[in-house]
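Note that chain A is present in both complexes that follow, paired respectively with chain B and with chain C.
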Partner chain A sequence: MTQSVESRRRLGAPQVRAAVAAALIFAVVGGCAVGVVRYVAEREHRAALLTEIATSAEAAAQRLAAQGPEAVAAALADAAAVSVVTPGKTDAFGISRGAEVAVDLTRDPRMAPADAEAHRRALLARNAELASAPDAAAQRRFEQVEVPDALFASAVAPAVADGRYLGMVRVVVELRPGEPAISMARFGAAVALALLLALALLFATGNVRLAGAAGGAAGTLVALGLTAFAGWTALAAAGAAALATRPLAGLLHGLRTQPGTYLYVAPAILSMVVLVFIPFAMGVGLSFFDSRGEPVGLANFIEILSPPATADTTFYWTFGVTVLWTVTNVVLHVSIGLGLALLLNRPDLRFKGVYRVLLIVPWAVPNYITALIWKWMFNTQYGAVNAFLALFGLDGVDWLGQSFATNFAANLITNTWLGFPFMMVVALGALQSIPKDLYEAAHIDGASRLQAFRHVTLPLLKPALVPAIILGSVWTFNMFNVIYLVSGGGPDNQTNILITEAYHAFKVLGRSGFAAAYSLLIFFILLAYGWMTNRVTKATEGAYE
Partner chain B sequence: MTDPGHSTVGRSRWGVWATHGFLVAVTLATLYPLMLVAKIALSPGQSFSASLNPLPDLATATLDNFRAVVSESTPEGEWLFGRQLLNSVVISLATTVLGIFLATTAAYAFSRFRFPGRRAGLMAFLVSQMFPGVMMMIPLYLLMQHLGLLNRPLGLIVVYATTAIPFCVWMLKGYFDTIPKDLEESAIMDGASQFTIFWRIILPLSMPAVAVTALFSFMTAWNEFILAFTFMDDPRAFTLPVAVNAYVGEKSIEWGKFAAASMLVSLPVMALFFMLQKNLVGGLTAGGVKG
Partner chain C sequence: MKIRLGAIALAAALALGACDKKEAEAPKPAEAPSASVAKGAEPGKPAAEAPKPEAPRETVEVVLWHAYRAGEKDALEQVVADYNAAQQEVAVRLQAVPYDPFVDKVRITVPRGQGPDLFIFAHNMIGSWVEEGVLEPLSGHVSPETLEQFTPQSVKALVYQQNLYGLPLAFKSLALFWNKALMPEAPATMEALLEAVTKVQKPDDGLHGLVYDAGLLYNHAVWIHAFGGRVFDEQHQPAFATPEQEKALAFAKGLYTQHEVLPKGMNGFMVTSLFNDGKAVAVLNGPWFRAEIKAGLDYGVATIPTVEGRAPAPLLGIEAVFVSKTSAKKEAAVKAALHLAGAASAKVRLEVGKQPVAHAEALAAGAAADPVMEVFRKQAEVAVIMDASPEMQLVWSAADMAINGVIFGDKDAKDALARAQAKMVEDIGKRGR
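Let's turn to the complex of A and B:
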């Protein structure tokens, strides 16, 4: 490591270059994060907008109905469109809705008179049609009308007073596409988030002194940013530059003195940065926005950590289930895997090659296929598991029914079936590398088999098993397919683990920001776990030092 | 407790039989779900049998389900299954080649050189294993969309090869570390370049580990479902796992075809496992044991 010590002493001009490089990197990462936030928000925003128009149509219809049948009749006969009266508001995308003006398409100056007349007739005809058949589906039908430089959307709703249907009221909303309001605030937020990420990585890499100093700065930034977004970019970029200066200076020095070395790592690192780290930074960015793309600060995190009373399950329950899930799985995988490996390692055992080949088969089959098969095997009526129980005169169990325990057990059995071969193979490899003379020596010294196992086998297995267990527990912690496909989280999301709960928030509830915040918490939990295991056992150092 | 343990003499015959009995029971339990799949695939119709017997009824056994799956075509008459098989083969092989290139070069540098950023790089690989997949899906989709790689094999190839890097580097670096440095030193004396050492000495010596890396890269690509399902919406661009999913409906599953297709998807990877299983045992643990 002499080179890096040297580089630390020679901080001068390279420092400036590194600072510029750091600022650039964070600007790029932040830009990508903003891009994602914007895209996702826009897509979800469109759906939300239409719902909102329908709601205001209903409200307008009710208001009109409250004024009596005459008012409704007059409105319907005169203008094809009834005005919207939502407060004028420009959203994050520069689209202003409704405003306080009555929008009557037929009288819009931007429309050619002939078009306006045609449109007016069409609207009246449609209104008549709706009046004669006020079906529920029609109420939420939207029509977009193109007018030069403007976009209108309309929705209809029934005007009902005292239980009497008075007619359909159409609400037309003008959508004014404007300059998208991707603000400095968003950009700043994204940059600051990237900064936080860098901080986490620095912590992980052990640059604790540096990270501690930068942590204070970042904390202040976040506190500032949550109250006032202005000026974030400059502050964050400066912080980022300060934070990353030293490592980058070292890196630049390395690049100058031993460029050949970096040629070997560059392909892997570059592809990891583009396809793993940048997407992750974008995900981090998402977690600070709601699904409409409005920055909400820490609201997603607060909602997760202090959940509303109406939620099916809380973060803490799900976390508990995840821990239970991980621990039971890893214990079963390791004990079954190790047990089988010990049996298969007996020198006098015949056919062990055959057993070994057949026992690793579960590993080779795509796990979403096996998950589906197991799900069906747990079927109450037709499943093989209950048929098996019936052989012993036992009653069938409603495995995937309303009980947490049976759902959890079904998941556990499936994943144990999937997971033990990996541990078995790792343990077999390690067992085969233990020199046989050690056992002979132990035998000569009068050690029993149990003693030989405890004092010879186990200590020598540890270096291979510990990294495998850590890796296996991280995989199990994030094992999506089994939970999602076997129990599906049932009953009532109770058997969901953190990752499936995050997916549920994303796919079913459409809350991408919330899901991203959830995922970020999962990441931090795993990071803490990794850090702890690294501290507790130095056994992983062989792999990572 | 006077049993002499791991020696070849003195074990009772009953003990051997008991061990075999136990292993046969475990093996049967392990293979049972897959035997069921084979049975369903060979049975006529699309229902899931309620019987416990995992052996197909030979009287009614038929290859109809396999025939139906293999001859799947588009309405225009293009051979869809063939196309999807080709996609899977191309994507998996290209992922393997690219994955090995990315992983061996990086693992070699991490194992043999000391350079600024080495520790951070290794840590970053480790930390990346903890990124939850749900979080990566949206950004990756957008990235692929932006690069115009949706519905293209290249998109999946680069993503698969990249996501397999950390595990492969971890495994390969462990193996490289066990190769004595004397060999390289004498090669340097003879005037060999760094790349020659990597190409002519390290790689040939680590063939078992490289084989395992290849197996993993291939398996990741061949079996992966969610990303392929997300990135590909044109049936002609599907990989086989996504094609299998077509038999899984909202409410019911076409079990016969599903089982037949599952078997067809699983067979190549199983064959590779059988071929490479000796390496698997050694290659996976070499790095760890050295610790």
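Let's turn to the complex of A and C:
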């Protein structure tokens, strides 16, 4: 530590901090890139191995059909274990019976089955599955078995001749890991190079961003060995370094000068990382895979943005409904909430406390309970809403029937009931903090009540209301409970909003990657919305000044 | 592999503990499980045949999840208490899990080795659960003779890809319930039934002729089968865009528009409350409905009347006990499962829980004593086993949508069915992607 203090004095602390920051950024971006390269290489290596195992199992199955079980075992001299199962017959219930394990060779002692009976049962069960649908390609599936310090993969193949199932071959082969695409030594050298280059450039030019960017780019290129992929990641690293070197250097400075502060916020940051950032990052990652774990690139996003013809509702319809839903809700929430707040703010009103408590009740009840109650109230024949309409001689409405408008209205009414108390509470709080002398001054200046509202109340409500509206819009945009529980998306998924569509993709269709892509799109839409409103209204600045 | 090692360690411990039962363990592994299991199936004398060991034997505790309520829960608790008291080898610990999250809980916990050893659920999830590595195949654990004690349909429902995946406990399918105060006897044909209920009903006063949630495939399947249609064809493709399906929809729509016997906006709760309030002449409902009918209401149960001379066939669901693939105590779990499905248990479940049990002898005895049970038995004979493949899970919502839109909306049946068919084929094609 003392040495670094001295060197800081000699070299100048800010430059060193900037260089360290640049190296850190490079280490993260470059590390990620190295991870991706290694992952892809290992994946390809393994896929090649598995294909090889499957092919050998399928070849063995053909041999089984032609020459019998013993020939199969002899042909697979390299396999760690080979099993051959003869076909059985199905009994009256359709259960496969009478199949036998004809060959069960274990050449590698690590693959010796620990429980011979369980092993035999598993073989017979797999044999039955294959016999029921002997399509080698469709059944191609690998099981991986981990033993200490080694990984084995097994493949099974059905033997079929003239449409008749003749048994199954199972081959187990050790999966040896491939050579790592990039060694850690090379990566370490690249980090050192990035640091040195950044330092040198700092002293030559004094430009923190330039030094960071050049260091990051050069280091990444070296680490990844000048491939096209390295070019792209170097560009990303340079960009990240240029943008983040200065803030990160500031953070490093802060860490040295006031470690206590950072210690205090550490628990909060840690919980945010664990509960928010990591799940979010995993969600982002998931959106580039299908639910079997195969990487599909941007296919999920493309499918959402150019939906197939059979889809009941397209992304654009759902997005339109979501926007309509959000806008109508927020308008109603704010106008009802603000109106009630103005009424409750009258100094001469009696029993104010009672009204306030009653008006906050809808907010206090868990929203899924409220949603379920409303769903029942919207029942065509026995619901309270139609009974109420009947009091005025109006015909009952088939709220949750086959019409988009009534379903949407039912959702809207429910969510308005749920949403206005929040706006009312915010507006009431803000109203009460407006000094009375402003109204007196307006009165003396001859302003009418409307003018006083327009020029005194509204501007002073803005700092409180705008963040509340942004928050309210985000909540409404993702108001899963009401849509799911009241209309259930009906009719024909037309009243679904984006979040319920994402849920449908995940839960009903079982497509996790597709659902993750949906969620990521929702995130970007809300991010753009939040950023825009912030720019337009300068809301947060207003609130804190 | 870890799990497997654990299983072996446990099996070894068991073998040590039960070394007197040598004849069932080591020498002839191929026949051992079914032999020991067949013994457990005799509920009265499970451990009696082997000579009692000197030292007390280690009891293996297995955890059983179920979603039963009311009478069925009482019956299961009684069965388990009797079983635990009668022998020392296996102790079953019951855990009630709510119905709604049941499937997800099993799917999440079992593949990670954290779930129950045994669980009770309907058979229609078998396909998905096999894919997810939840279910232990029981073909090797249970002898063919053991299975003969159950009704053939109930066993067939539990076979998936030529493997047996559970032991049947009970069967459930829709039947016709009617209010005897409003209609003394139920006619045997749908045509006569419609005529009879139309005379009694007063839709404007909220008294309806035939009440059920017509917008659900589960209920509508009754008519699909009556008109010769089906859910999947031989190639296991959805079979919705067919003339039979159109006829079934036209018939169901007629119930709503032409005969006006069918109210819209129904769900399970409302069917129950309408029937209990005397506002429904007849309802389509399952065996579970008996426990929901209020005491003192005089009702009858019959098989669903014929349509144009053909017997409508409801979907048949089999409730079964399943063994978890990751259970470390499979031997004990299978033993307990065999007892739960066996004769003594079936008798209690039928008498206390009013379950139409899958155990053929117990069912026959119960049906002789209880005419309602006899109706369920007869209805099950014509019922169609619900498809248990993972593809079925992608059929429900698209089918419900089309059925709802045609019966209660103004959608054209042919068009709606074609759309539903295309959607199902598309979703099934994209399954897992």
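Quick note on the criterion: the second predicted complex is superposed on the first by the 291 of 545 C-alpha atoms of A that agree within 3 Å, B and C clash if a C-alpha of one lies under 4 Å from a C-alpha of the other, contacts with A are read in each partner's own complex, and residues count from 1 in each chain.
What we mean here is this: contacts are C-beta pairs under 8 Å (C-beta built on N, C-alpha and C of every residue); 3 or more make two chains touch, one makes a residue touch a chain.
All of these numbers come straight from a predicted model, not from anything done at the bench.
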Chain B versus chain C as contact partner of A:Y382, first or second or both or neither: both
Partner chain(s) touched by A:L526 [first = chain B, second = chain C, both, neither]: first
Contacts of A:P435 with chain B and chain C, given as first, second, both or neither: neither
Contacts of A:G320 with chain B and chain C, given as first, second, both or neither: neither
Contacts of A:L400 with chain B and chain C, given as first, second, both or neither: second
Which of chain B and chain C A:P459 touches, first, second, both or neither: neither
Which superposed partner A:P259 touches (first chain B, second chain C, both, neither): neither
Chain A residues touched by each partner, larger count belonging to chain B or chain C: B
Residues on chain A lying within both footprints (that of chain B and that of chain C): 379, 381-382
Partner chain A, residues of chain C touching it in the complex: 1, 4-5, 7-8, 11, 29-30, 32-33, 137, 139-141, 144, 147, 152, 155-156, 159, 161-164, 206, 263-265, 270, 330, 393-394, 397, 401, 404-405, 408-411, 419, 422-423, 425-427, 430-433
Complex interface listing, chain A residues touching chain B: 1, 3-4, 7, 32, 35-36, 39-40, 200-201, 204-206, 247, 250-251, 253-254, 258, 260-262, 264-265, 267-269, 271-272, 274-280, 282-283, 286, 340, 343-344, 346-351, 355-370, 372-374, 376-377, 379, 381-382, 384, 387-388, 391, 417, 425-426, 428-430, 432-433, 436, 439, 443, 448-450, 452, 460, 463-468, 471, 474, 478, 480-481, 498-499, 502-503, 506, 512, 515-516, 518-520, 522-523, 526-527, 530, 539, 541-544
Residues on chain B engaged by chain A in the complex (per definition of touch): 1-8, 11, 16, 19-20, 22-23, 26-27, 30-34, 36-37, 48-52, 101-103, 105-106, 108-110, 113-117, 119-140, 142-143, 158-159, 161-163, 165-167, 169-170, 173-174, 177, 194, 198, 219, 222-223, 225-226, 241, 244-245, 248, 253, 255, 258, 262, 265-266, 269-270, 272-274, 277, 280-291
Interface residues, chain A side, partner chain C - complex: 90-97, 114-118, 120-121, 124-125, 128-129, 131-133, 145-147, 290-292, 296, 308-312, 379-382, 398, 400-402, 490-493, 508-511, 513-514
